[in-house]
Amino acid sequence: MYKKLIAALLKRGLQALIVALIVGLVSFAMMQALPGDAAFRIAAGRYGYDLMDAAAAEAVRQELGLDRHWSLQLFDWLKALAQFNLGESFIYRGSVSEKIAVQLGHTLTLSLSALFVSILIAFPIGIYTGLNPNGWADKFFLQLSIFVRAIPPFAVGLTLVLIFSVHLKLFPVAGFRSFHHLILPAFTLGIGMAAVSNRVIRDSVLEAMHSDWQLFSRIKGLPSGLTLRAHVLRNAALPSVTYIGVQMAYLIEGVVIIETLFAWPGIGHALIHAIFGRDIAMVQGTALTLGLIYVGLNLVIDFLCSFIDPRSAKS
Amino acid sequence: MTLLSVKNLYVFIEDKQVDLLGPISFSLELGENLTIMGETGAGKSLIAQAILGSLPTGLKSRGDILLKGEAIDNLSPKKRAALWGDIITALPQEPWLSLDPLMRSGQQVAETHRYFKSYNWKEAKKQTEQQFKKLDLSDTAQKRPFQLSGGMAQRVAFAAATAGDAELLLADEPTKGLDSHRHDKILSLLKAIPQKGDSLLTITHDLDLAYALGGKIIILKNGKIVEEGITHTVLSSPKASYTQALCAANPSSWPPLSSCTISSKENILVQSEKLRIGRNKIAFIKGLDFCLKAGESLAISGPSGIGKTSLLDTIIGSIKPMGGTLTRAEHIGKWEIQKLYQDPPTAFPPLISLKDNFKAVTKKHKMAWDQLLQLLENVELDASILERRPSNVSGGELQRLSFIRALIAKPKILLADEPTSRLDLITQETCLNLLKKLCREENIGIILVTHNQHIAEKWAHNHIDLNQFCV
Amino acid sequence: MFTKSLAALGMALAFSTIAFAHDSAHEEKTVKIAAPWEITSFDLAISGYVIQKLEIMENLVDADENGVLRPGLATDWAASEDAMTWRFTLRNNVTFHDGTAFNAGTALTALTRAWKQPGVLSKAPIKSITAEDNVIIFEMEKAFAALPALLAHATTIIPAAASFDEAGAPVAFVGTGPFKVSAYTPPQSIDLERYDNYWGKKAKIAKAGYLAAGRAETRALLAETGDANLVFTFDPAGFNGLQAVDSVETIAVPIPRVVTLKVNAGHAFFADPKARQALSLAINRQAIATSITRFPEAAASQLFPPALNSWHNTDLPKLEYDMEKAKMLLAELGWQKGEDGILVKNGERFAIQLRTFPDRPELPLIATVLQASWKEIGIELDVSVANYSQIPAGHQDGSLHVALYARNYGLTPDPIGTVLQDFAAGGGDWGAMGWENAQVAQALEEIAAKGDVEKRAKNIALVSSIIQEELPLIPITWYQHTASIDANLEDVIIDPLQRSYGLSTMRWKK
Amino acid sequence: MIFFASYSPLKLYRKIGLSRSIGLGLLSIIIISTVIGPDLVGHDPAKQDLLHARQMPNAVHLLGTDHLGRDMAARLLSGARLSLSLGILSLVTAAFLGISLGIIAAWFGTWTDRFLTSFADAILALPGLLLVLILMASAPGSWWLLYIGISLTLWVEFFRYTRQRSRIILAHPSVDASKNLGLSNYFILTRHIFPELRNGLFTISAFGIASAITAIAALGFVSVGIRPPMAEWGLMMTQLLPYWREAPFLILQPIICLVLTILSLHLSVGGFHKK
């Protein structure tokens, strides 16, 4: 078990490093490539355009040393990144890491509860359709999955709000004061993920049901229910859990959109504002944190997989 | 008391209403064993599946199957399945694939004990431990299937199948691909079943196994019974022509090879001195000397897992020898060492037609298409077979096709890795004779790897038993 | 087995709904406000707006909803005859929320900080700010009548010393206002409680909450479900939808903000006023107002909206919509139609770029309308929807052709400060570009300097008529400030100058 | 063409079941209407009629008018051209990139495999939308960057599927046999690997187009999408969203178009596994 721990950590550690490097370079390149003058953008971001003018932009230019040669700025940029100092937010005049620390908790709660909801929905449907292939349920959920996949996440969110908040008055529309506020955003994201993962689960259950060992387990005398629980589900769980790892990317993207719709104060939302206001330090900070959340969640998935199938650590 | 009686059993393809098998009638008493023999692909396995009620989708059976006097062929799938493990059980054809890859072997047997005898886990584990000790699997309970060898997997599957103390065990090709040592091991297990008072139905193409098991026998050809009776009488004095051919084809009854040595030295194809062979730094063969001349055949035998395949890979050059020398004659070109594979269907690209494959090979080695058709005629294969995909061509035909395919490359050496171990006796005999004829005509040196001692001694010019060179 | 997990799912859902009966009863309901503006940091130069609107901090000079100045933390103020020095006497026995006293010292530090940072004070010609026991004295470089109006602006609110740490970085919102901060979760929400020893009239509601909701759809839904009792700034469709909801009363108040088109008069295509008039004639303001903003009366007939009372010149001729006249004007300037329908003049196609930004949802829509209507008169318009900083940047480097944005002339009760910035010599980032008019510059100087009413009115009329004629900025629609109020809230004042949410005056119906 | 080299049209035709024929029929309708485009309906997608905005479907405008009074049918058709071309183009690039790298990783194994997989994981860690968001923010409205960004988000799924399946295929003895017989790598690619991958890749492609178009919608949601007046399904979903109360049929139209497209792709690929 110990050796597997090291292998998984090393792999994900390397991945985190690559992510940090890519995010650093891409956001720096973005700052250079943005049309117009960086100082103007930042001043606009800070003071709102009613008050912003050339003088304010000049003050910002001096303050952040934006007139230095880009290679100097890049060197400082990467040096700061290496020391995990994400620098000062151009617009909010506070350290980026401090801002992120406050908002990170909200994004994590949202992501994990969305993940939980997607599992809660996808597994029962996936298992049922896997056990009765090409039945009415199978065809129905295939169509439903295609339909939900074709709807952008914010439209799903709005429909849920319309039904549960406006008509049924069960949940609040937006904000984040209590667990109560978490339900709609989590379900919006969860449904989006479940739309795909239920098909993956269905296929793995189907494959398990048609395997030699499933037949032999029945022939040696075990009833179908026991075979399902003892053998089929565990074998089907492996590809499903690995697929959830792949879906993390969808989760992170969804978070960015859903937080904007539900006014959820996570880092996804902060990222959108940072990109709008061209606050590059904040963009880099939030993008990096989102990337590292992804890597962290995948590390959890790795352990889950090696727990389910010890063989995977070897292959 | 008759345990099982089968009358006019047919198995047919449901939507095309085409009979694959039948009429089959026989009866089996408690404590008795019956063997069903016939060529591969004659539908032998379908009988076992029909009795169990586990026919693949699309196939149906008709005719009556009586278990202890009551009809079970018209039971609902659920009721039929209730008999599994309790009254009828089956030893799977591919034991390695029939064990849950994620669960420890001991647990896969203990869960059957626990279900049938409602033990608690502790008691079920104890039972399994005893059963494993009997099958000398003492320390494998904790291992998972991917850590087991073929033989061990089979014994674990046996333990699991018989954990429910069923009265009828169906064994489908139990000795396929086993070397002699493991062959005897499974034989003793099977013989114990009738002695214990239960019944055994074995489906095989292994004549020696049938003979050793005794009891009654049924010979099948094209899905119909050609002969039946007491095994010893039928096999020692067969009446039906097919049975006679079957007995004659058994390598143990082959005439010894007429000696024809090829003296001249200069056409030595490959030679080795003190050869050491191993994989990732573990040597398992050392001090091997052999030499192969054009037109000559060399048989290499030994138990499975000793390194026969690694030896072939060393000869072909895909792995380096760990010690000693292996010299190949310079005039042997890049494609002039060809390999023949153990399981014919896996030697051909599965998703394209055979014609597509042969077109590419003939194009590569610049052989005219009608020259290929001529080759097919020599081996009595109809050209139309090329239109089909490998999956719907019989094992015997595919193996002959792979010979032809190898010949297109005009090889100087042919390496055959147990080419006929999965074929029935008659097909095996025709293939081996064909192989020898082709090599003599084309003056090709051939190395045949086999675990069958008779074949090794009676087919090849000289024979090496790797046991002497084993580390 | 499978049905069990489905039952578990249903049960979990049911449990979570019962346990949180939506409108749990509690003593006095909190007034929940929702608006698009986030409170991103403690720095008042950035989030001063919201803090002023929530009445957490106050200005020296206050203003009522009609823009009339009234005493705030300063009881009275007076200027010397030459309007070069101003003296503001401060109110006494006023305490900050943390109990510390409000005095000249705290006021001086706050005003000097506001003067140093970008804001309205930095634009005023101030020479020095000093304090004498409880009087603040401003020395001006030249006569400046509008100083009191500037001191009513959000960036000049007075924070307590405790709002900053020793290094001077802003760390808290401690003010003198009728409400104090009970909780702050950046950037989305802030909770307020009534400040009991407030110097003025105490607020009637005990608790209030502010939520920043970026999306217009979200705000419309918050209003409809009653999750927010006072919601500001709707998108046209959302506002229209709320009319049907009876638990909510919708209000639209004209405010001094104008959706306007900035034209680079320095560019060859637009140098001649006729070209700018042609562009203006091709804009169907009535259709835009009715279909996009849903307020037909918001179609702009001139730059200054009625909400700016004195600056709105009623006898100016209205801006018309006449495609043929526009084509005729362009033809006079020598433009001929090319084969692809786009005008060509000595080899150059009339293809220009319009810069706008998406923060205000209606701007990209209006840009698309302009694109289609100008295409009919032979002008090919490429619309670039990006960050609003590209407009001042385009002004500075001269690369701008045309820009569409919403200019706020209600920053201070008296708009002269902003108008001066936009139309004085050299134009302004958000004002005229490449356009000079000596008469206008002179008139603006006089308005800013002298106080006497009758001369001021003449100058204002002169400025507005020249702008209407030469069109350095082409106005399109005037802004309506939209809001929705919970039916059982009373005495809610919607301030057109957007200086306050009116929390201290409103109360729940009995 | 590689895909169909091993699947002659005659066999394809004989194989068509009911679901496949519906799929192919639907797909051909969509493709034909995309090719003909707006002149199928005779309206200019950019022509506005502000005073008749948000009209219900009527004789003149078959599918009604959008929030600026433009004909919805014309916009959907011209939008189809942009959405499907963008969707298919980024899909093809992603497929080419993903499949070739997948096969290379499976073929060479060891360190190439490890490098490529960790590279793919790293790209996956940077959420696709974010990448596109950052790219688009630097050059707003540029069509090419959008296409590159979306292909970058899609290729990983092709890569993982191809690599995993190719590893199994390349370990199959038939590949070793083909190599021994001197058959070219091209043969192994077209006869061993592609026939095996084909169906799986079609299913991923069907869903790939969906995610490409919903990505554009997401971009539109955060106002970084394509420049006006270009019509595009994803963008239309965002622009018509505010009118969900007064004209719900408006936002449903682009969504239904997308659903029909994916459904047709899914059906024509034989989406219903007949296992």
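A, B, C and D label the chains in the order they appear, each numbered from 1.
As a convention for this text, a contact is a pair of C-beta atoms (placed from the backbone, for glycine too) under 8 Å apart; a residue touches a chain by one contact, two chains touch by 3 or more.
If you're wondering where the values come from, they're calculated on a predicted model, not measured in any experiment.
Any chain touching subunit A that also touches subunit C appears here: D.
Of all chains in the assembly, those touching subunit B and also subunit C are A, D. The chain closest to the protein's centre is A, with centres computed as averages of CA atoms. Using the mean of the Cα atoms as each chain's centre, the chain most removed from subunit C is B. One simple way to say how far apart two chains are is to compare their mean CA positions; for subunit B and subunit D this gives 47 Å. Subunit D has its Cα centroid 43 Å from the Cα centroid of subunit C.
Averaging C-alpha coordinates per chain places the centre of subunit A 22 Å away from that of subunit D.
Rounded to whole angstrom units, the spacing between the C-alpha centres of subunit A and subunit B is 51.
Among the residues of subunit B, none is in touch with two or more other chains.
Multi-chain contact residues of subunit A (touching two or more other chains) are listed as 34-35, 158, 162, 260-261, 276, 278.
Among the residues of subunit C, those in touch with two or more other chains are 217, 386-387. Touching chain pairs in this entry, ordered by label, are A-B, A-C, A-D, B-D, C-D. Touching subunit A in their complex are the following residues of subunit C: 1-2, 5-6, 9, 12, 16-17, 20, 22, 34, 38, 40-41, 43, 45-46, 49, 118-120, 122, 155, 169-170, 185-189, 211-215, 217-218, 221-222, 224-225, 227, 359, 386-394, 396-397, 405, 408, 411, 421, 428-430.
The part of subunit A that touches subunit C in the complex is made up of residues 34-37, 40-57, 59, 91-94, 99, 102, 120-121, 123-124, 127-128, 131, 158, 161-162, 165-166, 169-176, 178-180, 183, 225, 228-229, 260-263, 265, 269-270, 273, 276-278. Within the complex, the subunit D residues that touch subunit C are 46-48, 50-51, 53, 67-69, 137, 140-141, 223, 227-229, 241-246. Only residues 118-119, 121-131, 133-135, 137-139, 153, 156-157, 160, 207, 210-211, 213-214, 217-218, 221-224, 234, 237-238, 241, 244, 251, 255, 258-259, 262-263, 266, 271-275 of subunit D touch subunit A when the two sit together in their complex. Against subunit D, in their complex, subunit A makes its touches with residues 11, 14-16, 18-19, 22-23, 26-27, 29-30, 33-35, 133-134, 139, 142-143, 146-147, 149-155, 158, 162, 196, 203, 206-207, 210, 246, 248-249, 252-253, 256-257, 260-261, 271-272, 275-276, 278, 283, 287, 290-292, 294-295, 298.
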